[in-house]
Amino acid sequence: MVDLSVQIGSVTLRNPVMPASGTIAEGFAEIVDLGRLGAIVLKTITPDIRQGTQPPRVAEFTDATLFSIGIPSKGPDYLLESTLPVYAGFGVPVVASVSADSVEDFGTLAAYISAPGVAAIEANVSCPNLRAHGQAFGMDPEATAEVIRAMKARTDTPIWAKLTPNVGDIAQIARAAEAAGADALVVSNALLGMAVDAENMRPRLGNVIGGLTGNAVKPVILRMVHQVAQAVSIPIIGCGGIANGEDAVEYLLAGATAVQFGTVNFIEPAAMEDAIAWIEAYCRRHGVTEVRALTGAMSPRHDQKSPLQSAVL
Amino acid sequence: MVDLSVQIGSVTLRNPVMPASGTIAEGFAEIVDLGRLGAIVLKTITPDIRQGTQPPRVAEFTDATLFSIGIPSKGPDYLLESTLPVYAGFGVPVVASVSADSVEDFGTLAAYISAPGVAAIEANVSCPNLRAHGQAFGMDPEATAEVIRAMKARTDTPIWAKLTPNVGDIAQIARAAEAAGADALVVSNALLGMAVDAENMRPRLGNVIGGLTGNAVKPVILRMVHQVAQAVSIPIIGCGGIANGEDAVEYLLAGATAVQFGTVNFIEPAAMEDAIAWIEAYCRRHGVTEVRALTGAMSPRHDQKSPLQSAVL
Amino acid sequence: MTATCPAPSTAPDPAPAAAFPIADTACRVVSNEPVNAEYRLLLAEAGPAALTAEAGQFFQLKCPPTTLDRPFLRRPMSVYRIDRQNGQIGFLYKVTGKGTRGLSTLVPGDTLEAIGPLGLGFTLPAGTRHVLLVARGVGLATLTPLVQMARAAGAEVTAILSARNPAMVMSRDELAAQGARVIEVTDTAGDSDMAQVEALLRRLHAEQPFDFAATCGSNRLLQLTKALSAEWQIAGQAAMEAFMGCGMGMCYACVLPVTAPSGETIFKRVCREGPVFSIEEVQSW
Amino acid sequence: MTATCPAPSTAPDPAPAAAFPIADTACRVVSNEPVNAEYRLLLAEAGPAALTAEAGQFFQLKCPPTTLDRPFLRRPMSVYRIDRQNGQIGFLYKVTGKGTRGLSTLVPGDTLEAIGPLGLGFTLPAGTRHVLLVARGVGLATLTPLVQMARAAGAEVTAILSARNPAMVMSRDELAAQGARVIEVTDTAGDSDMAQVEALLRRLHAEQPFDFAATCGSNRLLQLTKALSAEWQIAGQAAMEAFMGCGMGMCYACVLPVTAPSGETIFKRVCREGPVFSIEEVQSW
């Protein structure tokens, strides 16, 4: 028997596989058994009610998609009254996700939704900080830290900081979030991208810019997990381009304790369940009795590493 | 007749297509006619002689590659004595590329190689600044500006700043380079990535981290060109995932004046020549008589743009 | 939860709903033949969940990669035929891009992965007696099973099929066989412009009043049907399209601006609150 | 510069070098048949540039996408047959991963895009009289055209072919037909271990001294051949492999640590300074 359970701070997951925020909704329970997942992560909500961006909202590439949705949100009351009850019966930790335009609102919202059915709260800091010319909180270590501090001050529910990959030094942001008290880090949200239709000379998304997700981004986010793992000691949840058990194991080896599946849920609803089975078989094949032993278990390729790792080309 | 010529500061290119630094070498002239390109960009050299990183140096994905080469360099004398003569006879502007460990060395090297056959010098600022804990110059606006200022102070040859995409706010770096006197911006070098072999639990590259290049990165770099085009008024040279004429036109529409082809040269040596023909046909089809009219010609999708462009998901 | 289909003979009647009302079913392809120069009909054996599909609902089809294309997302396709007798579902699709090109490579015996049934289908008001269908192009695929539904509910159906030319008018026989009166208008015959279609509809309504209208496939026909339904004060529905991410209500990519009862414009998901909308709320596309 | 091949009959003799010494040639596939359980032989019509290929050189082959795989980079393959008479080149390849799986789907009449000839081939010292070839596995593909070259230069050739089992020994007939003495050693026969091969080589050298040695395909055989060449003070070359990005000397991905005359270790590009290296400079891999 392989012990698949992992520990994210005070939260125990029966296995390391969960959906990424915004990539499942109530309807998913009509198709798959959510009770088999390690956790259920809900779509980000904001304090206010939002409609989101102008369509078209999706463009497709080889092994990747560009989505621009803009966090349509029905607000915190809807979360407490309508969303949480749907997921309450699966016996799986439910993780809420919040975003806001100001540090204070992050704190207030975290306090407001700290209901019994919420096992942890993800702070989605990829949204613009209205006090910093709309630059995302997550692009600045201090703003990230302030968000986490404000949330920790207002609730005892564990706080997971979901970092943005659109930064230079992800390790710096990760350290700031850890120092501010984050219980875990989700690495990461989506790379920003864009697509142009050459023939009609227009952007392919209504919002021009969107989030690039899907398997094609895996090398970039995997590198960030590796960098963050060398910088912090709180658990890391890998997220970016994971589509199957092998992808998940790569993230664990690079330093993640658990993983989130995003875009693949839109295409293969069974992907997470299949991955749990694959990871178990992988552990058995490699004589690993506890999946947590895989975290950071990648061996270096050579005895010493190049001191100039970033001079790559 | 379509006028394909474009102007990069004081340098006139007969068409907007050129190779990206490090993706062609002398041997390319044995396969294609370099005389048909807009410019010839040489591989980055450093002041010292370097061997580069440990193999394996390449891993392959769908529509992308991860290379870690580490700028093997034969130094400036080899450039002047052996490399430049090879490219002198094509009647095409030759652009050198330099990198160094310190601001001073960037300036010294630029001065040293300012020979008659060098039409412009690219500053590859994606390499680690040894005075800033090895963080790449290009990740910091001030370090980028210092490099450009040091080079401009030591030579009259036009300086193109080749930015790194591994930053949060690329527009900020672009503005710093422009203010420091850069004649053009190349957007951009490669995203950093990594690959792990799950079965043998090792990184797939000797250097662990490498540069992710090829078509899969296009959405990210295209977005950066769009952002930089809104921030600066010097010419932008787009570079990232361009494999054909259509990709090139997308970059022009997003704000580039010219484009660089990288990884595709390894796979389709005729790609640049084919693209020049495609761009000409595209212009004809759209009634465009001068290719430079395409620069930034993308029309917005809607009347007004979302004020929250970065809150994309 | 990939379910494998039972052999059709073991499921002659609407089977009881599966454990999950929506399934990702590995369906065995029965046939996949061209019906004209642009469209193909794909028939596949379906499982119990899939066979609960109703007119207007759709499936998310996994489009096989070819040597040229690698479609990433699934593609939405309205259910065109629901054959509970033979345990089959059918799709009528136009080969337009890489996804549908992939679909066209399927041969009998291959597996078609289909998630569904998805979305809200048509609902006929109780007591409906005369249904007007107005379809163009691919809209026909979506409206065809509505004839079956209307006839089963005891209503008569008049179907206006608009197309570029007579060769492009599909399923006229299928509709007629199910008891619909079929009227074709084509660009080549010169009777498909809005003025003539409007005159036609008014004449038909005068002869035998419609009490329900459904449309799909053309923005201009939608506007016309919407205006006439309002004028005639009859209920109407329109099946809408949007670029989809998931088709399962999860990604919010497929939103359409609709007019809320309050008069303000709100976004609704085509895959979840649609694809069939009340004709009053839809705007244009 | 994609060149199209002339029909083979129009190019019966080594054609004059093309405008560019290296070409990306669209070659027509003549045949692509399995030679045993693991290897296939691909023959294709080649243009004048390609036909200048020499033993030890290679081509960068574009591997066709399949419905499952989409190989991105080209794959390096040694030229196995250079048939200037019929205007054909041939590759002997092992189906290992997605690129070679793609190659295996080519059928006669298809187009094979091949960049080449690339790299430095073998060079026999003037006056060479007895050449030793030591090959295992895919190394055979690389060494085979060297027999032709050596015989043309008037040298005799003794080829040691090492393999897992006799079924895996390839081209023994081809080598014999070209006038090489062929000696097989196999794991199943138990005579392929290093001690026995060393004894065999010493015996052969004693009978009729070798004055040139070439090896490819096994690290252990390389070490052995290198040691014996040094001891016997004869020239030797080894054909090496490395993961390649471009195959054209442009990316520096394919570097191999070699021992410079100074004794220090430097990197050389397998695709440009190789794939054939002097046996003294190569280390192990």
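Per-chain residue numbering starts at 1, and chain names A, B, C and D are given in the order in which the chains are listed.
Just so it is clear, contacts are C-beta pairs under 8 Å (C-beta built on N, C-alpha and C of every residue); 3 or more make two chains touch, one makes a residue touch a chain.
Chain-to-protein mapping (UniProt): A, B = Dihydroorotate dehydrogenase; C, D = Dihydroorotate dehydrogenase electron transfer subunit.
Bear in mind the structure is a predicted one, so any value in this text is a computation, not a measurement.
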Enter the minimum step count from subunit B (Dihydroorotate dehydrogenase) to subunit C; a value of 1 means the two chains touch. 2
Which whole number of Å gives the spacing of the CA centres of subunit A (Dihydroorotate dehydrogenase) and subunit B (Dihydroorotate dehydrogenase)? 31
Inter-chain centre distance, subunit C versus subunit D - centres from mean C-alpha coordinates, in Å: 59
Suppose each chain is reduced to the average of its Cα coordinates; what separation in Å results between subunit A (Dihydroorotate dehydrogenase) and subunit D? 49
Based only on mean CA positions, could you tell me how far subunit B (Dihydroorotate dehydrogenase) sits from subunit D in angstrom? 36
If a residue has to touch 2 or more other chains to count, which residues of subunit D qualify? 70
Going by residue number, subunit B (Dihydroorotate dehydrogenase) touches two or more other chains at 22, 61-64, 67, 69
Name the shape of the chain contact graph, picking from line, ring, star, complete and other. ring
Between which chains does touch occur? A-B, A-C, B-D, C-D
Taking the touch rule as given, give the residues of subunit C at its contact with subunit A (Dihydroorotate dehydrogenase) in the complex, in rising order. 1-2, 20-24, 62, 70-74, 115, 242-256, 266-267, 272
Quick one: which bits of subunit A (Dihydroorotate dehydrogenase) touch subunit C in the complex? Just the residue numbers, please. 22-28, 30-33, 51-52, 55-58, 60-65, 67, 69, 72, 214, 265-270, 273
What residues on subunit A (Dihydroorotate dehydrogenase) touch subunit B (Dihydroorotate dehydrogenase), complex-wise? 22, 44, 53-54, 61-64, 66-71, 99, 126-128, 134-136, 139-140, 166-169, 189-196, 198, 201-203, 205-212, 215-216, 219-220, 222-223, 226, 246, 249-250, 253-254, 282, 297-302, 305-313
Subunit C residues touching subunit D in their complex are 64-68, 70
